[in-house]
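Heads up, there are several structures right after this.
Both complexes shown next keep chain A, but they swap its partner, so chain B is in the first and chain C is in the second.
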Partner chain A sequence: MSTKVISLVSIGAHPGSGRSRRAEQDARAVELGLQLAGDNLQVVHAGDHRQEALRAYLGMGLDHLDVLEQPEGADVLEVLGNYLRDAGAQLVLTGSQAETGEGSGMLPFLLAEKLGWPLIVGLAEVESIENGTAQVLQALPRGQRRRLKVRLPLLATVDNAAPKPRQSAFGPARRGVLAARDVAIVEDELLADAELQPARPRPKRLKVIKAKSGADRMKAATAKASGGGGKVLKDVSPQEGAEAILKLLVEEGVLR
Partner chain B sequence: MLNTLLPILLFAALGLAVLGALRRVRMWRRGRPSKVNLLGGLLAMPRRYLVDLHHVVERDKYMSNTHVATAGGFVLSAALAILVHGFGLQSKILGYALLVATVIMFSGALFVFKRRLNPPARLSKGPWMRLPKSLLVFAASFFIATLPVAGILPANTGGWVMVAVLGLGVLWGVSELFFGMTWGGPMKHAFAGALHLAWHRRAERFGGGRSTGLKPIDLEDPNALLGVEKPADFTWNQLLGFDACVQCGKCEAMCPAFAAGQPLNPKKLIQDMVIGLAGGTDAKFAGSPYPGKPLGEHGGHPHQPIVNGLVDADTLWSCTTCRACVEECPMMIEHVDAIVDMRRHLTLERGATPNKGAEVLDNLIATDNPGGFNPGGRMNWAADLNLQLLSEVKTTEVLFWVGDGAFDMRNQRTLRAFVKVLKAAGVDFAVLGLEERDSGDVARRLGDEATFQQLAKRNIQTLAQYRFKRIVTCDPHSFHVLKNEYGALGGDYQVLHHSTYIAELIAASKLNLGQHKGASVTYHDPCYLGRYNGEYEAPREVLKALGIEVREMQRSGFRSRCCGGGGGAPITDIPGKQRIPDMRMDDIRETEAEVVAVGCPQCTAMLEGVVEPRPLIKDLAELVADVLIEADAPATARAAAAKREPAEVH
Partner chain C sequence: MSDIIRRDPRAEWIARNRLHPLHAAMQTQQTSWMGPNGIIRKNPHAIAAGFIAASGLKRLDRSGAQQGTATGGRRTAAAEVQLPLHQVTDPAFYIAVVPDMVGGRLGPHDRDLLGLAHSLAGKDGAVLAIVFGEHKEGNFGAAGVDRLLVIEGEAFQGYAPEQLVQGLRAVDNQFAPQHWLLPDSRTGGGELGRRFAASLGERPATRVWQIKDGQCIGRAGAGQQDLQRGMARLILAAAECAEPVSETRHEALPVELSTSVARSLSRIEDLGSVAVDPAAIAMAESEFIVSGGNGVKDWELFHRATAALGATEGASRVAVDDGFMPRTRQVGATGTWVTARVYVAVGISGAIQHLQGIGACDKVVAVNMDPGCDMIKRADLSVIGDSAAILQALIEAVDNYRSGGQRDAA
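And now, the complex of A and B:
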């Protein structure tokens, strides 16, 4: 029995030119989906079906792509959730963060919450799917992997640890169908009231390399992220735990 | 006896030849339609055969004389033999004429035989080793059989034995030369070759013309094939062209990829296409295989996909599109067209451009340059040069097409040198600045016709807004595309390579030049300037004007060896035994020159990639700028600054 796999895609933007393109991470979600489900992969976008950039996903070898017609600024959470539930999705793949629009990276979390499904962040590889349970590898920093067993249905975000997307070819991109579907439109009240301002680049922590030799540098680059400053808190009350986290955030300058 | 036997043999062979010809024609017709002037082509064919083709063959005097004697003798012998022995027109004059014809053919065939005693590696063996013997037997048999006709020997000399011997000889001769011609024997080249010349897809090449631009796909037509998947996807005259191959291997001897040990041999590729159009395997191929790929493992059929059956993809991606094979081919076969056609299928339909190919194409789509650089940085190289922008001045004498070299720090030196030359000559010029996009050259050679046309159309749109007399560029690839490939999309311009333009400026005494000092210089002809556009003289004139006596490499001019940088080859990067630029550098070292003059950013990059110690690589513009004598003082100060050795940048 094959598992129903659905990839969610968005419109990307090239970081240099700002021109529309397939979103890098979403393309990886499609790639992973194609590797898992082949022609049975279903790909969905919530937005405007006239966006030519969507054809770049079709060019990866899809014969059609479902587009849930949504105006700009609509809250797509509801329609996506309904669509996934109606389609009987077992495994939903998506990029971690959109390259255009709000790009908050919140969608996968909200969607998983709404559907009541588990969410895997940074899916690198699906090793097996048996008896309604998936065994997957989750990407951790510095090339580390964590093996997880998760019951289906599940939602997973992919980032740069997932397989590189295949080339998008002109022929299939031109032939593929962008199938528009009329769905309900929910206004995003939060966005409508919110005030948007351009993001400030977060200050980067200075990294002083003390290594003298190439071997030292290599060691520094590949060492596990086990800093000396960490503290393991065991058997603490939620109150104490929260205070410890808050203290750390203030120390790190994340909160002021 | 012979009087009954010979007509039977002759007409039987001719009949079989006609059947074979019909069968062969049916094979070609499996290809897609192509607009060709059928009758005009046929009428023009003798001239193409005797003049255009002969010009190519004549580069090898031995072979051209041999071929003239053998082929001329054969055509004459065959025609006369049909009259004399077929129709029994046994006049003495015809008899003598036939004797002379067979003697000419025999002497030609002797030289063919001699060359086959110790044949070079590029020649195919197998049935081709039999051909000189067949030619000799044909000529000798008809010579002896005609002696009685001419009255030199009495009829029935030699009795039955003679009849039997001559009968066998004629049988062998006509088998090879008449019906072997249409049933796939070595003589097929004469039959298919003649028709190929008549219905060539680039008729402009005849009569001294040049046609090197790739042919566009009509992307407006949703049913148009996006490249060639199966042999039957070629046009019928392309299939016919493959069939014309004589397997002389001149292409193989010149192919830089073959020499570098990459899995490409143009001759084998064409023969594989012949296998594809007829069906079968390559087990019987009697020439050099693709380096590293044994014979007998590949086969195909007109309606089976070519790649990964008949030919591996890395064979197609090894080609640098340097056109050395096309230039050498005495049959004027279009290898590069075929390779790009098959690449188009791989890129446009299968999304299978290897290595960095996909990334480069994505970059071209998203940023209009292959490196994926921010398009806003296109003019950074000229930040201090105060160049006129065409968007501001609207009209100019010379449009300086900068090219993607604008993003490359090495090439920026060339560009700045050329600007210095233009300013010194007081030329009214302007640049497109941020409005310029990649010309589409690399996308097109990588088979991405869609991206090429997209870029080309946008460039044409931009250019249409302004008025200029000529376009000048330092990049032969942009030069070729603007000059030869934009026309089909509605952009006709007068385009010059900077070497041509500098030569013009020098001829008009617009430049005050000193003399080049010291270092000896050789010149490397870029493929896209030389073979693609026939410009061999201007760069040499410029060097001469600088007081440089060029130390020519053995392979220069139309035989120049590619630097390895064309056709997207550095992007697809198919491994071989050695690197093409290293081989070219060896050619350069042979001249013992200390400086190589180049005229192409690709060549510069490839040759500078060769490890030191090696000769210095300098663009023509840099050499000219170095010896410019400028009148005003601030200019000289700048010239001195320009002479500093550039710092290495990591």
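And now, the complex of A and C:
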């Protein structure tokens, strides 16, 4: 396929140690891009080109990685929007949300709004790209998939349903080039009045029993698995029973 | 509760013990009777003793109909408690909530969100719930919805996120809610909220898990950090962000949009869902599970039935121990805790460990020989009978349904 694909990558943080690493979902976006475009894949990062963690992306088999030089805490929306508008890509892939900073997951949505492109969340597989439209599979919760036909150019986020990223090799990671570009800088005003703090453990929800009398409290404490009031079909033929089950399955919409 | 009349030794003991404070209430004292000379006699002491009403207060009834709460008289199941009605006749402002409505009903995440909306609305504001398309929820009022806006139309069917954003924009124009609350979930709310935020140009507070003193606290990054900031207009809240409404009833008055929703040019075409191999879906997140237990004798038939239904297979501990199913398919406390929307238990009597494992399931269907087993008490629909015959009939019924459905479509 000769489609031009761009993957946007960020610096991740290891969930245990907090050390910087390649971000899990962004690595999946690179993997999907490599499978789709091979050498035509362009990978872009907005941030500091001296970050060692960026080399982990190069180690996936990239020659070079474009870095739009930005200080920490800058708003990269403007810069990335301008870059993508001029890059002429058909498909832009990103992770769902960053592993550091605010991590609101808003960037792809804002970029799509700014560029006027359609956006797909949870891209699992690209089936075909032809005549300016792409046929893709979208990952839904509970392991389901949905087929969509989308006009190009397209912005898509990937989550854990996308293919697993390949391992990063040391040699290509050293040889690859981090090509820095100087671009305009826009400060993000959010951190002026908001602050990041270490995550507090969330209070566990207590099971509060609002009973007026002791008997009710006793009943609530000793209650077996709830239910009751269920319909019981006794002395029916197997066919009637099967019809009743089928009716419930159809009503619930689980029968495809 | 069963209707079997039982002796209550404690009540009998109280009735004998004149010094007991509840003695009077336990007496079966006649308040009036015909004397030997044909004169009606009354016992004013018995009337004055009164009786304890269901509310727990002492009541006097001088009409003569009073019968003391006698030893034989049992209190029936507690009457349904009517919660106080919370009315907002003229809302000063709106708090808009867009519930996910997974399966057409309010989920626990939606209820938490409505609880949060209720705490933001206070006495003067009204909680406005916006629901797209058809729904099966019958009790919006109990969940804390003051105003209900159902937006229907062909354009909102299927996957049409851009059209939903248009719908929300129309609501924003008409009601100008003070806050927008959406669930930050993978089942739709997270995506819709972010699309809507990008469209409005609002910066949302995401993954919010607490709102306190005009500050919202949400998880940031990969969950290692919290971001504390002032109240945002658009809030995407995590599950368990607040307690659901439980102490009031609400009106859930229907409201309507005064203008029709603008049609957006659809750039995303929904080609429908794709058949996924049900065996490949992790059991913990599967939507539809058919489980077999000790009552299943013909496992070949069971596998054919699950294939015909397109369900993920599960098993009880007994079936796994006997070697009919792999250990990875075991449902229950020692196996997998499942979250299926529909769970069909075939030949499973419902050990407590198994019932724990299916605690999060919405609808449970039981097929069993024993009408008294625990699984049938838990189930929403139970069919008593031989599992093999019912599975066979089910396969035929599904085949009929599928071929009939195709004929209709053609």
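One rule holds in what follows: the second predicted complex is superposed on the first by the 188 of 256 C-alpha atoms of A that agree within 3 Å, B and C clash if a C-alpha of one lies under 4 Å from a C-alpha of the other, contacts with A are read in each partner's own complex, and residues count from 1 in each chain.
In this text, a contact is a pair of C-beta atoms (placed from the backbone, for glycine too) under 8 Å apart; a residue touches a chain by one contact, two chains touch by 3 or more.
Source: prediction; values computed, not measured.
When the shared chain is aligned, chain B comes close enough to touch A:Met60, but chain C does not.
When the shared chain is aligned, chain C comes close enough to touch A:Leu249, but chain B does not. In the superposition on chain A, A:Ala87 makes contact with neither chain B nor chain C. Judged by the touch definition given at the top, the superposed model places A:Glu195 against chain C, while chain B stays out of reach. Shared-chain residue A:Ser168: touches chain B; no touch with chain C.
When the two complexes are overlaid on their common chain A, residue A:Leu77 makes contact with neither chain B nor chain C. By the touch criterion stated above, A:Val236 is placed in contact with chain C alone, chain B being left untouched.
Looking at the shared chain after the overlay, A:Ile185 reaches neither chain B nor chain C.
Counting residues of chain A touched by each partner, chain B versus chain C, the larger count belongs to C.
Once the two complexes are overlaid on chain A, none of the chain A residues touched by chain B in the first is touched by chain C in the second. Of all the residues in chain A, the ones that touch chain C in their complex are 12-13, 15, 18, 98-106, 109-110, 112-113, 118-122, 135, 137-138, 140-151, 190, 193-200, 202, 205, 210, 212-213, 216, 224-228, 230-239, 241-246, 248-250, 252-256. Those residues of chain C that touch chain A in the shared complex are 56, 78, 81, 103, 159, 162, 186-187, 190-191, 194-195, 197-199, 203-204, 206-207, 209-210, 217, 219-230, 240, 243, 246-247, 267-276, 280-282, 285-288, 309-311, 341-342, 344, 350, 352, 355-356, 359, 362-365, 367, 371, 374, 376-386, 389-390, 392-394, 396-398, 401. Only residues 14, 16-17, 19, 21, 59-61, 166-172, 174 of chain A touch chain B when the two sit together in their complex.
Across the interface of their complex, chain A is touched by residues 222, 226, 347-353, 357-358, 361-362, 365-368, 372-375, 448-451 of chain B.
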